Structure formats: structure tokens, C-alpha cells
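So, here's a batch of structures to check.
In what comes next, chain A is part of two complexes: it sits with chain B in the first one and with chain C in the second one.
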Partner chain A sequence: MQDATISADDFQRFREYFYRRSGIQFEPSKRYFVDKRLAERIRATGCNGFRDYFAKLRFETSGAEWQALVNEMTVNETYFMREDYQFECLIQSMLPELMAHKRPGEPLRIWVMPSSSGEEAYTIAMFLLERWPHLAERDVEIVSSDIDTRILAQAQAGLYSQRAVHQLPASWLQKYFTREAGGWRICKMLRDAVAFTRVNLNDAAEVAAYRGFDVVFCRNLLIYFDDASRRQAAESFFDVLRPGGFICLGHSESMSRISSLFRIRKFPQAIVYQKPLEGL
Partner chain B sequence: MNQTVKHILIVDDAATVRMYHRAILEEAGYAVTEAVNGVEALEKALDKAGAYDLYLVDVNMPQLDGFGFLRALRAQDGPQAPAIMVSTEAEDGDRRQAFGAGANHYLVKPARPQQLLRSVGLLLGERGERA
Partner chain C sequence: MPLIRHEPAVLADRPRASDDLAALSAGLSALAPAERRAAAHALGAWAQSAPALLGALDKETEQSVRSALLGALARVGSEEAVAGLADCLRSEDAWLRNAAIEELRAMPEQVAGVIAHLLADWDRDVRILAVGILDTLRHERVEEWLLQLIDADADVNVCGAALDVLAEVATARAEAPVAALLERFADEPYIAFTGKLVLGRLAREL
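Up next is the complex of A and B:
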């Protein structure tokens, strides 16, 4: 019989280790959530208790168990049209401003980080298709990234439950999805319109490839980070954006409390943050 | 633009697919090396650390398939180049395995030239350089 009990000391050691490697900080109040998932991984790997598992996690060279654990620990709760006022803001306020500074032929680039199961990136694609009159004359690139490899495969497959699509206008659901046995499958055109990639935001070398974006959506991720990681993430996003580019956070998050690199912009639809234009 | 030419390793057992990808990538200014299976790819990748800036990897190959190649590659220490996995199957299971094995991106074959170059450019960090 394996003992998957996790003591307070174990939790503390694990928490520090997980933070160092991922940048994600679990508050003591998340103990039950963490313990439950740790116990699942201890069982799944056949390890003899926490110590055995923790040693495996630290010393394995392949990184396979680390990835499996990250997949368990990350929260992937979202749905289409969630906090849709930000997409309204994108269409009505951010894009007109961005376009004023863009040369013809220069692409519009949007990064969704974290991707989760893809609802946000696909919602943005649908908003652009349905609501943005300049789509025909502008090359648009939507990149959606996550640290969780399992959720990326799910995102790219594009199969969703009724719950995930419940806020979508019926006409969009009809137009862009087909009913399948397992739920609603998003159409190939939209699946091809979004590039899903695996990225660890905490790994500067990986993030270095992500440059020149006009808009970043980073919603409800920084709430899982501690102050130092938040600041580091803000600096990463600053480098990811072009001058004048925007970053959108979740409704409970505020960039002003994290970093002074960005200007706060209060648009009628939403509050977002902007990397200052050069020379201003 | 980058000063140095980026080097891509194409790993595919089908000669026609290698030719197709090579033509697109060379036309775009990349240097290309080919490997016909995972074993050869691994030898080439480990022979000189940092020789390749990106891997373009097929799933089904004799001796060592694309998943096996990526797992072995990702088990190495040191910085790692990004990998795109290319497969004819749009199977959900393939995709899960690809990301799980260490791919950064997944494309369904045949990828259109524009789509392939977009993905390659994205992972090499070249897409934002035109600003």
C-alpha cells in the first residue's frame, strides 16, 4: 500500500521547488488542491510516497514527469466569449489606434498566453471575422501558447462541451462549429487560423522568440504568480510587444500594481495597458 | 534581419516530403539538412550541440519515430532548439503525444508553404522583426 500522505513540510518543499521551476506560487490556501494532484501523480508513477516521488521529479533527465505534473497543476477553466468586453475593446478601440501606426502589408499580431483549451484565441478569431471590417486587407496572426502540453493538443483539436459554448451567439455556433458525438467541433478554417505553441513564460530563452506582437491577452495567469514572478512576466511582455502595443489582463488583475512600464488606458469598453510609443 | 543563416534539420523517411519541405525552406533562405529517421536525426543533433536552430519532424518513421526522437533529444542537458512536428494524421492522440514528447508546435501534412514558413518564422523569432 502506497502512502500518499503529504505533510506540511513536504508541501512547503514542493511549493518552493515548483515555484523555482515554473514561477507559479501556490498559496497555503491551495494546499488541498496541490495535495490532491500530488497524490494522483504519486499513485500514477507507482512511487512509494512523497519523498520517493519528489526525488524522481528532481532527478529524472527526460522531464516527462515534470510535464505531467505541470499539466495536472495548471488550471484550465474557460469558455468562449469569457470577459467579451475586452474583445469589444479590441475591435472598437485598440485596433483603430494600432492601425493608425501600421504600414500597409504589415501584419497584425496577437498573442494569447496562456492559451488554455483555445476558447480565447478562437473567440478573437471570430470577433475579427464578424466584427472587424479591415480583415480582408490585413494579414492577421494569432498565436496561442501554454506550458501545458495536454491542453494544447485539446485546443488544436477544437472539440468543446456544451458548457464551453454556452455564451456564444447561436449564429456563430451554427456558422463555425459542427455537432459531433463528443460535443462541438470548431471548423478547420478557424483551427488553421490559430498557431498553438508550447511556451514556458518563466523561461527567458523560450520567450525570446516571441517579439513584435501588437496585442497580448494574458488573463488570469498572473494571479497564480508571486510578486517577483509577476514583475518578471510584465518585463517579458514588455519585450514581446511593439511600441504602442496593448496588454489585456483578467478583470481582477492590475498591471499598475505590478510594474510601471506600461501606461494605463481607460477605453469605454475596458481598461487595458499600453507599451508607450517611442519618443512619447 | 538576422545576420546568420538559420539551420533546419528535416527528419522524414519520405524523400518527396523532404524535397518539398527543403524547397520551401531553402527558397526562404534557410540552410537545410536532412535525416531519414529518428536515429540518424539524433546522431546529427547530438554530433554538434547547437548545430540546428529548429527541427521539422515527421511522426511515422522506421527505427525511431518522431516521438522517440524528440523524447531522446529533450532528455539532453543544455539549451534546446524548438521542434515542429508534422503529421498526416489530424488525430487528437497524435497531437497530444507530439506536444508531450517535446514538440513546440504541430502541423498537419501537407502544410501550405505560407503556413510552414509562418510557423518556422514564429518559432525562430523572426516574425516580429519587420517592425
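Up next is the complex of A and C:
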């Protein structure tokens, strides 16, 4: 019989390690959440209690259990306007800087990776339409990519549940969506405006087709990568971006923990990372 | 319509895939850093590219290219590449030392072949940096290497660094070696503090 009890010492030891590896901090108030998932993993792996499990987690060369645990400990969901402070940051801080260096007629290019079911790319499009006065004089390309072709097909179809749209302003919902039997369908104009493409971020040859972007949104993806793949992804993003371009990560992710290629930019709305202007 | 759509085929020209090791190695000396980075990335897929990558790392001054060279060496992962990364621990350049450590931490199988030498290096700083590799290395022998180190190393800073890592990974078998270390460095407050912390945790777990 496995003892899956997690003591206060165990919790402390685990949360320090988890923070160091992932950047995700569990406050003591999350103890129940953490204990429950740890106990589940202890049972699932057949380990003999926390110490046995922690050793497996800490030393397993393949990193498979680490990945399984990260999947359990993170919330994998997306919806319109999620972490919208970054879109505010795009409009109010990043775009004015980018525009200062753009030649007339040169399009602004934004890459969303991973696309998932499209909520993030469409949210950016709506933000630009509603909040960025310079859209009238500047072409914008939004490319939204994912490794999963099924989720891309879903994104292109643009049909969303009530839960996915719950944070949208009512006026935007009314303007850009129509109510259907299966939920809310985003309008054709927006579906036509975003290019959904399949790409494997770990395949340098595939990513090499993506160059010259001004802003990359890569939120809540790198947490699922191992250290080497994360660094490889940072290298890829460096090449994807123009000098001076920005990359936005999820709230629990930090580029500083992955690579020193980018500069930290602390804007009033959000912390983002920038490819140095003089870089390449 | 200001929001315009471009299909992937026209996003950018796909770079030509070179299948020539010599041509790629020559690319490491290209004038444009972007070309040198591209060459380094491509060479990461060539098992025999370690000498070219290490030669370039020796001369390269642009940090983004150095970063690509280190990543490529890690992907190559050959004995020569790992030895080259380990050699970076001797560099005067703190960025290079730290970047090499990050790469080595993600290569547990390969590091296992060189870590004993690094932990026994004549240079105390190299030994401390080698402990830094073990800090997040996923390998079942991490505790064993650390215990051997605190048993044999006469330097208090090296032992202190090892004790730091042991604070997280120590199991019951660490009890006697940590107690012996405490005795050996009885006058060193840091060793006393961390050592007692480790022993306290082990006692609660037993």
C-alpha cells in the first residue's frame, strides 16, 4: 500500500524545486491543490510515498514524469481576452515603439504560437480594430500557428462556447459574433483576416519559413517543454523576430530563465521581452 | 481592409538546406551574424561538427551567435562537444560559463561521463561550477557524486556548494557523510547551518 501523504516539509521541498524548474510559484494556500495532484502522481507511478516519487521526479533522465506532473499542475485553457493586459500593452506600449521604426507601407506582422482554437489571434484582431487608431493607415498580418491540425480547423471554423466568450465586452460580442445552435460564430471578416498555419516549433526547418515578425505571442507553451527545447524555442523566436521585435510569454513564464538573447522590457501594462535593436 | 492575410507559402523564402558540412562550417565565418547563426543551427545536426563549432566559439564575439554555437554543441552531444562545453567552465567570461552550465544541465547522460573529472579538477572554481551543473541535473547518481565530493574535497566553498544541493536531494545515506562534514568544518558557520538543516530534514523523514 503506497503512502501518498504529503507532509509540510515535503510540500516545501517540492514547491521550491517546482519553482526553480518551472518558474511557477505555489503559495501555501495552494497546498490542497498541490497535495492532491502529487498524491495522484505517486499512485499513478507506483512510487512508495513522496520521497520515492520526488527522487523519480528529480533524477529521471527522460524527464517523462516531470512532464506528466507539469500537465497536472497547469491549467490548459484558453478564452477570448485571456491575460488581456498584454493586449493593452501591445496597443499602448509595444506598437508605438514599433511604429517609430517602421517604413511607410511596411506591414505590421504578429505571430501567435500556439494558436490553439484561435481565441488569442481573434482577440488581437478585435483589439486592433477597436483600440488602435493607426490601423486605418497600416496593414497588419496576423498568423496563428499550431502543431495540431485539428485544433487549427476548429480555429478556422470559429465556433465558440459561452465560456470561451464570457470575458468579451458585450458590444464586441454583438459586433463580431453571431449566435448559432452550437455557440457563438466569429464573423467571416475576422476568420478571413487571420492565417492559420501548421508548424512544429521544435523543427528548425519548419520555423525557418517564419521571419520578419514584429510581435510574437507565445503564452503558456514553453512551460510544457524541457530545458533544452525551451532554449531551442528561444533561439527560434530570436530569428523569427525583427530587431526591436517583442515576445510575450504567459504570466508564469520568464524568458530570463530560458535565454539571455532578449531584453526585459517593463511596460506599465506588462513585462515583455525584446530582441535588441542592434541584434542582427 | 487593414487586416490582411498572408498564407504561409509567401511568409518567407525557405532557406536552402545545405548538405555539405564544409559549406556549413564556412558559414560560421560569414560576415552577417544571422548567417553565422544559421550555420551554427544547421551544424547542430551533424555529428562531426564539434571541431568547427568549438573553433568558431573560440573566436566569436556576437552573443547571439555564441548562443547558437552552444546550443548546436549540445545537440551534437558527442564526446568532443561535451568536453568543449565542459572546457567553457574555465573561461574568464561569466556569460559563457553560465550558458555552458545551462546546456550541460540538460544533458544528463553525456555529463555522467565527464562530471567525475570536473568534480576532481585542480581548480576550485571549476569544481564549484561543476556542482552547479548537478544542481538541476536529472541523473540518479547526483547524490552519490555530491557525497563523494564532500567526503574528499578540502575546500570549504566547494563543500558548501555541494551541501546546498544536498539540502534538496539528500536521502538517508547522506546522514553519515554530512555529519562527518559538519565535524570537519566545525568552525564554519555556513557549513554548520546548512548541514544541520539537511540532518534535521533527514531526521524528520526517518
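By definition in this document, the second predicted complex is superposed on the first by the 202 of 280 C-alpha atoms of A that agree within 3 Å, B and C clash if a C-alpha of one lies under 4 Å from a C-alpha of the other, contacts with A are read in each partner's own complex, and residues count from 1 in each chain.
Heads up, the rule we're going with is that a residue touches a chain if its C-beta (ideal position, glycine included) is under 8 Å from a C-beta of that chain, and two chains touch if they have at least 3 such contacts.
Only a predicted model underlies this, so the values are computations on that prediction, with no experimental measurement involved.
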item: If touched residues of chain A are counted for chain B and for chain C, the larger one; value: C
item: First (chain B), second (chain C), both or neither touched by A:Ala153; value: first
item: Partner chain(s) touched by A:Glu106 [first = chain B, second = chain C, both, neither]; value: first
item: Touching partner for A:Arg31 - first (chain B), second (chain C), both, neither; value: neither
item: Partner chain in contact with A:Ala205 - chain B first, chain C second, else both or neither; value: both
item: Contacts of A:Ser259 with chain B and chain C, given as first, second, both or neither; value: second
item: Chain B versus chain C as contact partner of A:Gly63, first or second or both or neither; value: both
item: Chain B versus chain C as contact partner of A:Val143, first or second or both or neither; value: both
item: First (chain B), second (chain C), both or neither touched by A:Ala193; value: second
item: Touching partner for A:Arg131 - first (chain B), second (chain C), both, neither; value: neither
item: Chain C-contacting residues of chain A that also contact chain B; value: 61, 63, 107, 141, 143, 192, 195, 197, 199, 205, 208-212
item: In the complex, chain A residues that touch chain C; value: 7, 9, 13, 16-17, 20-21, 51, 55, 58-61, 63, 66, 107, 125, 128-129, 135-143, 189-190, 192-195, 197, 199, 204-205, 208-212, 226-228, 231-232, 235, 238-239, 259-261, 279-280
item: Complex contacts: residues of chain B adjacent to chain A; value: 71, 74-75, 77, 79, 82, 92, 95-96, 98-100, 102-106, 115, 118-119, 122-125, 127-131
item: Interface residues, chain A side, partner chain B - complex; value: 61-64, 67, 106-107, 109, 141, 143, 149-150, 152-154, 156-157, 159, 192, 195-199, 205, 208-213, 242
item: Of all residues in chain C, those that touch chain A in their complex; value: 1-8, 11-12, 14-15, 17, 32-34, 37-38, 41, 63-64, 67-68, 71, 74, 95, 99, 102-103, 105-109, 136, 138-140, 142, 168-169, 171, 201, 204-205
